[in-house]
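Okay, structure first, notes after.
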Amino acid sequence: MTVRRDLLLSGVISPVVTPLCKDRSLDQASFERLVEFELEGGVSALFVLGTGGEGPYLDMSQREDVVASAVKLVRGRVPIVVGISDIGTARALRNLELSLAAGVDGLVSTPPFYGEVSEAEIDLHFRTLAQAAKGLPLYAYDIPSKVGVKIPVTTTLRLAHEGVIRGIKDSSGDMDEFRRLCLALAGLDGFSLLTGSDSSADMALFEQADGMIAGMANVDPHGFARMYRAALSKDWAAARTEQDRLFSLRDITRAGLPRVSSFSATIGSFKAALVHRGVIECDALQLPLCELDDREKSVVADLVERAGLGPVAPA
Amino acid sequence: MTVRRDLLLSGVISPVVTPLCKDRSLDQASFERLVEFELEGGVSALFVLGTGGEGPYLDMSQREDVVASAVKLVRGRVPIVVGISDIGTARALRNLELSLAAGVDGLVSTPPFYGEVSEAEIDLHFRTLAQAAKGLPLYAYDIPSKVGVKIPVTTTLRLAHEGVIRGIKDSSGDMDEFRRLCLALAGLDGFSLLTGSDSSADMALFEQADGMIAGMANVDPHGFARMYRAALSKDWAAARTEQDRLFSLRDITRAGLPRVSSFSATIGSFKAALVHRGVIECDALQLPLCELDDREKSVVADLVERAGLGPVAPA
Amino acid sequence: MTVRRDLLLSGVISPVVTPLCKDRSLDQASFERLVEFELEGGVSALFVLGTGGEGPYLDMSQREDVVASAVKLVRGRVPIVVGISDIGTARALRNLELSLAAGVDGLVSTPPFYGEVSEAEIDLHFRTLAQAAKGLPLYAYDIPSKVGVKIPVTTTLRLAHEGVIRGIKDSSGDMDEFRRLCLALAGLDGFSLLTGSDSSADMALFEQADGMIAGMANVDPHGFARMYRAALSKDWAAARTEQDRLFSLRDITRAGLPRVSSFSATIGSFKAALVHRGVIECDALQLPLCELDDREKSVVADLVERAGLGPVAPA
Amino acid sequence: MTVRRDLLLSGVISPVVTPLCKDRSLDQASFERLVEFELEGGVSALFVLGTGGEGPYLDMSQREDVVASAVKLVRGRVPIVVGISDIGTARALRNLELSLAAGVDGLVSTPPFYGEVSEAEIDLHFRTLAQAAKGLPLYAYDIPSKVGVKIPVTTTLRLAHEGVIRGIKDSSGDMDEFRRLCLALAGLDGFSLLTGSDSSADMALFEQADGMIAGMANVDPHGFARMYRAALSKDWAAARTEQDRLFSLRDITRAGLPRVSSFSATIGSFKAALVHRGVIECDALQLPLCELDDREKSVVADLVERAGLGPVAPA
């Protein structure tokens, strides 16, 4: 693999969590520290209001806050893409307009959700959003575990070739279908093939993906950046070794199970780890998500230490 | 079964569709005709912004429009309950506040959705909403086909006994679990056991349900009212015969399959049938839902006629 | 409903368990007591080697034993139908031949299983079996929870109208599809519409089913016979009351959960209840199914007593 | 990766199809040609009566035929392992005894199936089989798409560490869980980590798997052998390129969809391709599986040619 200059998104993109105060308002100071930590760690772009950013759970004023803050904090050093996923197209359009107004660099959307949608409806959804995006690149986000439906490969191919979407974040866990996409779309001008997996990103790179949007990059951006550089230099053994370490770190996402949902367990563990590393202040989650309890947080802390990740030195 | 005076909701509740103009704004005149048609047909309450009302697909200003219009049109003749289901609790709270301000009689919510939620998170969601509802009755809406998770029976029982929820709309299709609820909650003061099925409402009444919120009541409120009266007078053969006719009418919801999603096929067929009966003007759906095509609409029209339902005489 | 003389199977059919000795050989004495108990309780036919009979788990010599014993013990007093379900058609044919040779009255088969099968393959399976059955009636057994696929309604209708199958045992739990079958097939000469549910058999009768093959009839044949007689005389309140009692009795099937699989928990509870009632000697199950432990058995015993079922008086 | 001398199974193991005559009896001459073709192609072992061998669909005398023929044809040149998967433990034991008597080198079993099984039941199943195997190595076969349940990682680890199983064929498609196994079991003495995927075998090797049992190796054993050799020499680009070609070849398994089940479409395409290459005579499948039709076979033939695979020269 080589770095492609035609892509807005490649390498390690961090789907940043949304740090909250105890009253669940945005914690600006923590957000600033998180942004600096990620950039220093080597990420090439930020994805705000994604699944890991609790985007779908926020109301409009909270969304506005997060997007505006991100733009202000990043100061153009890396691209910012914003999650605009919502139940239906009308609501996703509201999220899109808000993001456009704030001056971001790209948009990311799942298919609409609340019951299943047909292929035609998925197609219409993305076309409607792309038309409203005024040239800003739109990325499809394939996450059937949340949305209930996988974007058919044929739909992705059609939308890609027509330029409706400029990339895909594949969080489907279906490596065969991702391989099909890679074989069909490798080298398509301006199109980013991104895995959403933080457990098999090495294999996605091996399959010629352009990069990854990996939740765990919140906690260890340096590790993901090392893996990506190893892959770029075709040192696959080093890439795999780094991934193996990150794979073990990923046990933090199980600490809360089965007491809380896997969603709370995952985002909750990212925040708990970032608190432990001294990056953010508080691990509060949006209602009705449930934070980890003290015992679970100490499991997270142990795993973080065991992965060689200590507190972050103050800037 | 007997009519219980302690219930806000019993009998036939119509989950009214949201009639749209071609530009997808609310069609006030059609909405007025629909409300009068439903009331004349014998429904005992209206449920707006439910699944059939495309509630989850509307943005905030559209929601505001629908609720305000419903209140104005109904003029207190029957109770109005409003669907406030949304991805997370924060957003459902925004929907709740909007409904409170408009002066409705009750609120209906599914669990939060976007990936699965744990039992504790479902519990927290309903408690948070109930607390914000300022005494207005809150109803749980159990529809795993859309939400991805069934509300556990133990959760429903706990929330019911503590007065957090004042009833349940069971659209799970699981008759055994509904029977369990009926056996456990029959006669609980002020608690409404409602089926969301329009294909086996006779059996739910036979199981001692208090009523039904049946999508097909949009199209044939008179039929559902006859079935309910037959059940009240324990004329089970008549109730079943009426249900059998409505069961066949329900084939209209398949006319659009598999071209469109089952969601579009269902709501689209309700609107097409109401256009055919002269109640509403236009069958437009919210994006990205897809309307039935001409051939599919003529199938709907045939089935409507075959069920003995002609055009509605002008008021 | 009225009793139809054209049916081999109607009323209460007991899917008898296979009583085993501790070494897992057939316990002849217990089997004899069970057969007499069921007949005295009012069942109209026996179904051996069904799911409840652990049929799919037995090897050929065990199957041979059970069928031969059943024929010998029943002495023609009621019809015997035999489960011949197996992975593929070739193996089901072996089970069929064994049953034919033993002189039984009918055959019951699921679709083949081990991964999914297409509609064409289901059709071919039943046609091949029917051809080999030499005029003995063949019944389709629809149990997607075990087989992984639901028999499509269109397949059932075609096979029914062509006389390939002479009835269906519907254990799908899908009351809407069962209603569709009832509406389409009611009164078809010689065709039995049977529910496999022991929790909503009253509703199936209300929907015009001809009878039920209910696992719980092993434990309380008298109760099911009373429900059926109430339904025959259109005393629906009495039928429902009886079903409600049986519904509560069905909690015995949860006593082993989640320690053992739901399969072991169900069959294990039937056997434990029959041991408690003094009908069979031992609750052993085929490997790898796991018997209930002592605590779980005492839960079963309590529930059996609470349902008004004491030890059976010696004949 | 290096070749480990402590393993019975490593490298490319071919799960050979069972060539049938038109009357569905074993086609001995075709079986002989197939065995020679696979050995010449470089496979290191044969797996008979697996899923691809239609094992679960055969009756006992057919099974006996296949195992005896395989032993006779292979003449000890490579190890033979036999699939003994069946509904319950008693029947798998019959299959095991038959295989023991024929003098094979190892045994492969899924968990029992027909509805779900608990972890304890899976554990008991494998222990019972291992005890009966008289020292012959037993391999676990994890194929939830057919069996309905995934073998929990904890169960695999326990059975591996206690020596109950000597390897695993992972056909779950879950690369994360497979990585977990690889990280935990790499280097365990005598334990083979095998992927059952023919679409991502390169990645499994990259993850340190010992080899693959790949259905497509029936059709192109040479290709899989080249991929394995490339991986052994750490030429990952070559391994991936070979896999990419095989990935495209795998489109043959879709030629029959959706007319037939995916099972028929897969095995049917292997046989059609082998007929086209002149290895076997006839593409007949066990009832109720359905062969490809002429149009579908010509699609298969085209794809086989396009993958650079011509007719096999007569030996």
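Residue numbering begins at 1 within each chain, and the chains themselves are lettered A, B, C and D in the order written.
Keep in mind that, in the parts below, a residue touches a chain if its C-beta (ideal position, glycine included) is under 8 Å from a C-beta of that chain, and two chains touch if they have at least 3 such contacts.
Everything numeric here is computed off the predicted structure, so don't read it as measured data.
Counted as hops between touching chains, the shortest connection from subunit B to subunit D is 2. Judged by contacting C-beta pairs, the busier of the interfaces C-D and B-C is C-D. In this assembly, the chain whose C-alpha centre lies farthest from subunit D is B.
One finds 37 Å separating the Cα centroids of subunit B and subunit C.
Annotation for subunit A: no residues touch 2 or more other chains. You'll find the chains touch as A-B, A-D, B-C, C-D.
Subunit B contributes residues 173-176, 179-180, 183, 197, 199-200, 202-203, 206-207, 234, 236-237, 240, 244, 247-248 to its touches with subunit C in the complex. Of all the residues in subunit A, the ones that touch subunit B in their complex are 24, 51, 54, 56-60, 62, 86-91, 93-94, 112-118, 120-122, 124-125, 128, 145-148, 258-264, 286-290.
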